[in-house]
Every structure is written in structure tokens, then in C-alpha cells.
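What follows are several structures.
Both complexes shown next keep chain A, but they swap its partner, so chain B is in the first and chain C is in the second.
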Partner chain A sequence: MSSTINGEPVIKVTNLTKIFRDFWRRPKVCAVDGLDLEVKRGEIFGLLGPNGSGKSTTIKILLGLLHPSSGEVSVMGASPCSVKAKSNIGYLPEESYLYPYLTAREALEFYGRLFDMTGTARKERISQLLNMAGLTREADRPVGEFSKGMARRVGLAQALINDPQLVILDEPTSGLDPIGCRQVKDLMLTLAQRGKTILLSSHLLADVEDVCDRVVILYKGRTRVCGRINELLEERESMRLTIPSLSPEKTKEVLALIRKAINQDPEIDRPSKNLEQIFIEVVKQAHKDSEESCPDSVAEYLSSD
Partner chain B sequence: MTKIAAIALLAFKTAVRSKLFVSLMVVLAITVIGLPLTAKGDGTLAGDITILLQYTLGLAAIILGSVVLWSACGTIAHDIQEKQIQLIVTKPVHRYQIWLGKWFGLLLMSAILLSFVGVTVYALLCWRIKNSHADDIERTGVYSEILVGRKSITSLSESFDDEIHQRMDWLVENDRIPEDMPYQEIYTKTKRRVLSEKSTVAPGQSKRWVFKPFSCGDSNVSVYLRFHLVSAGMDRKTVSGVWLVGTEQKPDIFRSTMDKCRAGSHSILVPASAIPAGIPTVVTFINDAGEQAATAMFDIDDGLKLLVRWSGFKMNFLRAIVVIFFYMGLLSAFGLTASAVFSFPVAVFASYAAVVMLFIARFVVLTNQPIHTCSRCLELGYKVSEVQIAMHKVINGVEYFISSLTGYDPVPLMVNGMVVSWEFTGKALFLLFILYPFSLGVIGVYLLKKRELALPII
Partner chain C sequence: MKLKIKQFLAITGLTAIEAIHQPIFLLLSATCILLISLTPQLLVHQFGEEGKLARDSGLAFHFVFGLFIAGYAACSSLARELRGGTASAVLSKPVSREVFFLAKFTGVVSAVIAFSICAAIATLLSERIVLKFYDTPELLGYFRDKLIGWLFLAVPFAAFLAAGVINYVKRRPFGSMAFGFLFVALCAVLVTGGFFNIKGELAPFDLRVEWRILPVSLLITFALIVLSAIAITLSTWFSTVPTMVICSLVFIIGLMSDYLFSGKHTIVSSPAVGAFIYRILPNWQYFWIADALNGGGIVPAGYIVDTAIYALVYSAGVLFLGMLLFRHVEIK
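Take a look at the complex of A and B:
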């Protein structure tokens, strides 16, 4: 979780409503209905909700890709349509939307040029991003030949090429293998530590739980729950005590003591690793065994101040 | 500028890496190389060169124009449909930079394809001339009448209004006008009749044409006197006479005898020394008065001209290619603006329909007759309503607009050995490459700005 949050709002949404209309301007669907939202600098903010809850619509309004029907939206202190504000925004859409005939390097070159980056700086960043995405060897292959996960990595790289202050990620781990997912989560945490703000929309609740400071859960375009993730997840009625493994006799003694203290039978189980941790350990070991070089988890320019 | 260049390069890559581009290169190669090698002319060198210029270059320009329009319609529309535009507009890029970048990319593609066409046609032209069995006279004719850029000087127009009105007065006084015939029609018919009489030279009579002063540049340069005989007499098929070129004071500096000339276009070679410097040139035709003599009728619309060499063919050809390139710029701008509003199929349909309508409208407005209003006509009872005048002004505006779009085709000029002048090129540059594309660009950028680019395409 991020520790550099300060009170300055990077995204401010007040009473946002978006109604999609048909050709004759008749209302068809109300995708977002009176949404209020505030994301602070340095925060990792999760946007959750089932399909059709208005997550992507909200993101697209924040980026100026859709126009609000009513309400006010401010991103980096400016209108979502402000071109200047976009210099500090990185966006990864739900699908990568890359030009299939461009190679990974050409694609990053193109997006780098859109930020008016100088040739040397651009090349340096592209090299670091390709390394981070584990695509150095594939850099000169057309993106159209890539798997979904590889294209996703290029998509993520393009979102970070400008070292943005605000990163908007729509399903960033979709199509990625567990190592890629872990990398993305580590990347988000690193960026947040550097004071960057991240708005994350995902269906993968475990990912959101791992990285987000605050979340909002949307349903049919309305806010149902909003708050700090640890506060939302905490069960105040019970607590867990983790101690080193004990012999059966010692276990009985400890349980008896607890039972006496709380006048109730405690539950006992062993902490378990999750499958993601095991997978990462196995693959990292396999990498070491085959003496292949591991890609950087985070590009140098993204982790340095 | 970096952003525009990046988008331009992307648009160029999009076009070049598409299957359409490869197919187009094949079609162009067949058109440019295959057509002149297979098409048979009239067996003369001039015929071969006309085919090469008129059909090959003309057809290649049409194919290229269609493809440029097609590609332009797809450029923004595909980006919106495939959602790639979402990654561009979320970067610090203005909509006008997107539009301009795409336009420049299409221009780059057009320039490359057009260069290929131009170089190939010119190379084939040189090859044809080199390997032709034509004799020196034929070659000289080709060089002086086709492979040249000549300026056309028309005679000073005369006003026949008084004569037309006198004729109309006579018709009214003698009750020769049908009651239901509108005065506009009476005026038009009378004018036509007067003009045709003025273009007729009876046996034994003569007619003079006066040309404003012009310079031939070089005294060695030859000038061609071109005239179009509509018919030569009622029952006889040929006209004979004498052409004189000179000044008011000395009308016969140059004299040429015309013997048994049939209907059609004819040219007479006039030495530059016969053209006076700084004063009007006078051309006189004296029709023969003998027993075999016939009335000569000259075309009213395609009047007498003096054709003066103004530039070499190479520069003329280059300017023609540049003007065709301006047309590509206009078509690109049109397609881009259509694709900023519509989906690809709709943009293609709308653009091609607009081009077809433009060409149809060109023929429709040709039928537009000028409204003639003068005090004499009012006295005769011919009144024009405000609505008629307003409608006429609208049609005139449309006519001007259409002719400004379609009036810069350089191919017919080249085929007739006429100059594609710098003035012509400059006007084409302003209208086809600056004014209209800029106007279309403003509309396109505005619509692109207003459009919600993440809306689903239905």
C-alpha cells in the first residue's frame, strides 16, 4: 500500500451522470448515475463493479473519450479534454488497441513522439520499458503477431513512457501470466511510492486487494461502497494470532489457555501460501537453473526519483 | 511538429503496409506500362503520345484519386472503429494535429505513387520518341504541337448588344415572336444568330480579329494561328482563302493561302517576326470569290486563337503532375473529413457519392443560361423577378464553385500542347491545396473534437 498520499485531489468527480442516447437522441442507457469520486495524489484507487456497472464509462469520461451528460469532472486540476493535462497521464485501456503492423519498438517510438520526447531520452526509455516488459528480443516483431499477454505488456509500456503523474489502468493484468501480474502489482506499488496516483479498474479482486489504498464499488452506475480497503476488509469480531509451529502437546496447552481466557473454542489452522507465490517461486528457480536473464521488474526511470 | 510528423509517418505506414497499396501498385503498373504497350493508336507518333498522355496519365490519375479517397476515408474511421484513436487522443495531442498528421501521411503516399506514375510515363514517352519510325517532319510536328507548352491568346471580344437589340425591335415590330415565347429565350436566340452571322464570311468578303499586344519572347519561336471551321458552305465542302497577319497599319506582314480547307480545327504556322511587339496584332481572313467559293463559318464558342510557345514540355509535364498532386490533396482532405464524422463504409459512400454528384452537377449547370437584363429589354416588357435573380445568383455561385473544383484538369491541356502555366498552377495550389483542404480541415477538426471517440460504432 502507498505511504505517500497527500490531500491534494488528482481526480475529482461530482454528481457525474452519463446517459447513452440513440440516433434520435432518445435516452437508451444510464451508465453512470450521480457518481461522486475523489482520488488523492499518491493513492492507488480501485474501481470495482460487475460488468455494466459504469467503470469503463467513468474512466473514458475522465480521459475525455466520452462527454458527461451532467456533473463536473476535473483531472489534474483541468477539464478531461485539456490537452496540456494529458502530458501527465498514462492510460492502459481494457484491450491494448495497438497498431498490429507496428513492431513493439515502433509502437513505443510513436507514442513517445506524441509526448515530444527527444530522440535520446525516448530511445533510452523505450529500451528500459522493453526490458521491463520482457520484450527486448521481440522488440522488432509486429505487435499483431504477439500473444494477448505480450500485447498487454506493450500496452502497459506505452502508458508509462511519459513517466506520468496519473496512471489509469483498465484491467491491467488481463491476459498476463502470474509473473506478469505480480510485476504489474509491484510496478503500481513502486509508482505510488514515488507519489504517482493510480486509478485501477479490475475484476480480479485479489489484485485490487493486494495494491489498492481505497476502492469504490459501483453497481448500475451508482456508488455502493467506498472506503479504505483495510477498513472494508477488517472483521472486527475476531482476530488471528500467528505463532511458530508447536508440538501436539504444546498446541493442546495453548488452546486450553485460550479457551480458558475467552470461554470459547478457538479455530486453529496453518497459514498457507497462495498459488501465485508458489508459481512465482517455481518459475524464478527455473529461470536461475536455465541461466536466463530475468527482466527488470520496474524500468529504471520509473523507480528512481 | 514532432507529433504531426509521427502521425503522418503512421498514416503513411498504415497505407503502405495495407494490401490495398500492393494491389494498387500492380494496377498502376499495368495501367502505366501495360496500357501504352498494348493500345494501338492511329499509327502516328502523335497518336501514340496522345494515348500515353491522355489515357495512361489520365487513367492513372483517376485510379490514384480513387485510392487516395478510399484510404483517406479509412484513416480516421478505422482508428475509431479499431479504438486505436483512444491511445492517441489520451496523449497530449490536439485534434488538428491528428487531422494534419493524417493528411500529410496521405500526401506522402500520393507523392510517392504519383512520382512513380510521372517518371514511368515520361520514361515511356522518351522511349516511344526514340524508337519511333516517324520522319523529321512528323517529329517536328509532335515537338511543336504536343510536346510543348503553348499559351493561347484569344481575340478581343466585341460587343454586339446594339445589334441584338435592333434585331429584337424588328422582330417585335413585325410581330415575328410567338406569344408564348419568353423574352429571355428571344434574347438568347437573337444573340446566337447575330454571333453566328458575325462568325460567317461570305465569298469575296473578309473578317478581322484583333489581338491585344503580347510578346513571343524569342524571335525564332513560331506562333500557330488556330481556327475551327464549323462548316464550309451549304453545298460545297471546302473553303479557300487567304490569311493575313500584321498590324492596323500593315495588315499583311505575313500572308498564308488556305486551299480547300474542310470543317474542323486547323493550324497555320506564323513566324514570330509577323507579330508586332507592343501593339495589337490584326488577323484577317479573305474568303475566295471565285466560282467554287463557299461561305466560311467559324465556331462561335471555340474562337480564333494565336498559340505561342511559352515553355518546354519537361516543365509543363512537371507542373501538370504537381496539379494532379493538388487534386490528391483535396481528395485526401475530403475523405479525412468524411471519416471524422462517419464510419468507414458510410464515409466511403458519402465521399464517392459527392464526387459523382459534383461531376453530374457540372453538366447540369452548363445548361444555366445567363439572365439578360437591360433597359431596352425592360421596355420590351421583359421583366425578371427577384426570385429569378436570386436563383440565378445561387446557380452562378454553384457553377463557380464546381468550375473551381473541376476546372484544373491539366491532362487535356498537355494533350493539346497547351501550357500548364505557373498562374494556373498557382490558382490550383490556392484552391485545391490550401483553401478547400483548409476549409474541410476546419470542419473535420471541429467534428472530431465534438465526437465522442469511445462510443460504440453502430
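Take a look at the complex of A and C:
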């Protein structure tokens, strides 16, 4: 989790309401209802909630794609519609909306041209991003032929082409294999360490738990819970003690001691690895055995100050 | 400003390529060229007007197919992007809605101009090869330019074949390659024709085409640009089908606006209302003046300038309205 958070808010949302209307301007759905939100610089902030809870609507309002019905929204100190503010934002949409006839390189070239950067810098970044996304070999294939996971990687690369200060990721790990998911999480942590702010919307709670500093849980457009993730997850009524493996005799002695101290039977289990760790170890070993070069986990320009 | 121009050019280029990639674009373009190339082969009488039927048919195909291409390309390029999500990816970058909208229009117009060039070359060729009466020391009677006629007929098939081979060997997209080959093949037939006389024998270079057809083609292109502006403005709020329906109505009513809204046959009881509708509807009759070529006539330069100004002002007005509408569009 990020250690570079400072007090400056990058996103400030006050009493935001969004009502979608039908053709006759009658209210149809209230997607966001009086939402208050503050995301600080260097923070990884999770936006959680079931389908239809208003996560994507909130994100689209932050990007100026939708107009709020009421309330105040400020992104990097400016209106969400401000073109200048958008030059410091990277956005990965829920679906990888890409032009199917363009190759991966052409797609990144196109998005790169929308920012103020030199041709040399653009080409350098595209090369690093393609390597990071593991798409160097597929760079000249049309993205319309890509699998969902590969298209997602191109989508992520386009979101980072401008080395943004604020990265908004809508379901970034959807469609990715476990290695890709781990890479995305490492990327988020690296970016946050560099003082970048990340707003993450995801249904994969394990991903959110791994990387987020704070989360908000939305339901029907309203905030239900908001706070630091470790505080929300902490069970104050019990604690876990992790010690090296003991012989059965020693274990009995320790348990007896604890039983005497707390006056009830303690639970005992062995810590286990999760499936993600095992999968990554196996695939990394397979990569080494086949002497294939591993892609960079993070593009050079994204990890250097 | 420099960045805005860079963004404008990037989006324009992409829109033009996307429009040309669409199978419907290739299908309509190739059908139009094929019909123009078939017309002189099927005509056996001139009714005293050398080349008139071939010329008029070519220009009519250019206009009708162009209207479909312009309407479809314009509304699908914006409506498809808005509903497909690619617009949200682009507009989340530092691109203003005005730049995006105008670049989309310019991209569509670029594709329409590419089609118009092909249709204009095809019409020139069609008029050249049609059956004509010759009374020269070498020739006397009706003759058709058979060699160029056959080459012209082969153009769409050759373009499809070449694109198929490239698609198989190099995996390049078929649609845009076929259109590219169509354009190159038409130019090649036009230039090759210059080296042959009516009997198909090598001769000193002479293209033998009626260049006075080009101003009429240019006026048709202006009409297509106006229709693109209308279609792209409508597609800020409507999806492809309603936009196409409204465009068709605007075209049909605009074609009859001289009859319906002005003069003694007007269907509107109030002259002020009639005059207002007459002013706001595009008058397509301004753009269709193929009859001016009859009897060796030409289109006066002043008329072309006036019509260009009319098309420019009309398109600018429609696009201004489109920009205002697009500013408030919600991109879901």
C-alpha cells in the first residue's frame, strides 16, 4: 500500500447527484445520490459496490463524460470538463474500447498523438508500454483480433501513455490471467509510490484488498461505508499470533498456557500460501526453463522519477 | 493551438480510415463504379446527344451512391463511437468536444472526397468510351472505345482480386486495400487510355476526356459534404437508423423545395412560413446541373464559386448547431 499520501485532495466530490432522464426529460434512474468523496494525492482509492451502484457513473462524471444533476466535482483542482486537467489523467474504461482495425502500436500511436509529447518520447513510451504489456511480438496485429485479456493490456497501456498524475481504472484486471493481475497490482503500487493517485473500481475484492489504502462501498448511488481498508477489515475482538512450527509437546504446552490466560480454547491453524502466489511461482519457473524473456513488470518511464 | 491541430489531424485521419474500412463503403463504391462502367457498354443509341446518357448516368450514380456513403459514414462514425465506447476513451484525453466533432466531420468528408474522385474518374472514362459518331479521314460511323471499355469493366474485379491476394499474403485489411486498388486502377486506366486511339492502337498521348464534367462532379461533392454535415449533426442525438431516415427526408424534401415551398404551387398557406422552410432546407437543385453540359455547354466559374459559398455557409451553420448539441451530449 502507498506510503506517499499527502493531504492535498486530487478528487473532491460534494453532494453529487446524477439522475438519468428519459427522452421526455422525466427522471428515470437516480444513479448517484448525494455522494461525498475525497481522494488524496498518492492514494490508491477503491470504489466498490454491486452492479448498478453508481461506480461507473461517478467515474464518467469525474472525466466530464457525464454531467452531474447537482453537486460539486473537482478533479486536480479544476472542473471535470477542463481539457487541461485531462492531460494529467489516465483512464482505463470498463471495456477496452479500441479501434479494431488499428494494430496495437497504431492504437498507442493514436492515443499518444492526443497529448503534448514529442515523436521521439512517444515512440520510446510506446515501445516500453508494449514490452510492459507483453505485446511486443503482437504489436503489429490488429487489436480486433486480440483476446479480451490482450485488448485489456492495450487499454491499460493507452491509459498510461501520458504518465498521468491521476489514474482511473475501471475493472483493470477483468479478463487478465493471474500474472497479468499481479502485474497490474504491482503497477498500481509502483505508481502510488511515485506519488500518483489511483482510483480503482473493481468487483474483485481480493485485488482491492491487496492494493487499496482506502475504499468506499456504494449501494444505489449512496455511500454505505468509507474508510481505511485495514481499519475496516480489522477484527478487534480477536488476534492472531504467528510463530515457527513447534513440536506436538511444545504446542500442547503453549496452548495450555494460552487457555489458562484467556480461559477458553484458542484456535490453531497453519498459514497457507494463496493460489495466486503458487501460480506465479510456477509460471515464472516455466519462463526460466524455456529461456523466454519475461516482459518488464512496469515500463521504465513509469517507475523512474 | 499546435496540440489542437495535432489532435484534429490524428482524429481526422483515423475517422477517414475507419470509414473506408467499413464493408458498406467498399460495397457502395465498387457497385457505383461497376454501374458507371457498364452504362456505356449497354447504350446503343445516343439520340443526337453524344455521351449525354453515359455522362448523366455517371453523375447520377455519383450523386445517389455518394448520398448513401456520406449519410452512412457520417452517422455511423459518430453514433457508433458514442454508443460503442471509443468516444469515451478519446474524450477522456485532453481533447475538446469541438475538436472531436469537427475532426469526425473532416474525416468523413475526406472519405467522401476519395469516393467522389473515383466516381469522377469513372464518369470521365464512361463518357470517353461510349458509342460515338466519328467522321474523320480514318473513321466514319459509330465507334466504341472497346479496349478501354473492357479495361474499365475489369477495374472492380481486379481491385478485389489484388486486395484478396494482399489480404492472404500480408494480412492487410481487405476493405481499405480494395478501395485503394480501385482508386489506383481507375487512375491507371485513365492514363493508359491516353496512349491508345479509338481503334485500340498505340497513338500519341491524348486522354480524350470531357474535362467539363469535373465541375459538375465538384458540385455533387459539395452536396455530399452538406449531407455529411447534416448527418453528423443529427447523429449527436440519434442512432444510425433515425439519422438515415431524417437524412432521406431532408434529401427528398430538399429536392422538391422549389416546388413545395416557393412559387404558386406551394403547400404552405403562409408565405412567411414557406419562405422560412425554403431557406433552412438545403436546396439540392443547386448542386445538380448536369443539363448545363448539353450541347457542349460548361458550368460557369461564378456558379461554382456561388455554390461553394452556399455549401460552406450551410455546412458551417449545421456544424455550429451540431457542436452546440454535442457539448451537452452525455457519453455513457
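Methods note: the second predicted complex is superposed on the first by the 305 of 305 C-alpha atoms of A that agree within 3 Å, B and C clash if a C-alpha of one lies under 4 Å from a C-alpha of the other, contacts with A are read in each partner's own complex, and residues count from 1 in each chain.
Here is the rule we use: a residue touches a chain if its C-beta (ideal position, glycine included) is under 8 Å from a C-beta of that chain, and two chains touch if they have at least 3 such contacts.
If you're wondering where the values come from, they're calculated on a predicted model, not measured in any experiment.
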Inset, instruction - Answer with clash or fit: chain B and chain C placed together on chain A by superposition. - result: clash
Legend entry - Touched partner set for A:Asp265, first chain B, second chain C, both or neither: neither
Inset, instruction - For A:Leu65, select first, second, both or neither according to whether it touches chain B, chain C, the two together, or no partner. - result: both
Inset, instruction - Report for A:Tyr97: first if it touches chain B alone, second if chain C alone, otherwise both or neither. - result: both
Inset, instruction - Give one of first, second, both or neither to describe whether A:Arg113 is in contact with chain B, with chain C, with both, or with none. - result: both
Legend entry - Where chain B runs into chain C (options 164-172, 200-208 or 416-424): 416-424
Legend entry - Those residues of chain A which chain B touches in one complex and chain C touches in the other: 60, 63-67, 83-84, 86-87, 89, 91, 93, 95, 97-99, 101-102, 110-111, 113-116, 158, 162
Legend entry - Touching residues (chain side chain C, partner chain A) in the complex: 3, 6-7, 9-10, 14, 17-18, 21, 84-86, 88-96, 173, 176, 328, 330-332
Legend entry - chain A partner contacts - residues on chain B that touch it in the complex: 2-3, 5-7, 9-10, 13-14, 17, 82-84, 86-94, 452-455, 458
Legend entry - Residues of chain A touching chain C in the complex: 60, 63-67, 83-84, 86-87, 89, 91, 93, 95, 97-99, 101-102, 110-111, 113-116, 142, 155, 158, 162, 168
Inset, instruction - Please name which positions on chain A make contact with chain B in the complex. - result: 20, 23, 60, 63-67, 83-84, 86-87, 89, 91, 93, 95, 97-99, 101-102, 106, 110-111, 113-116, 158, 162
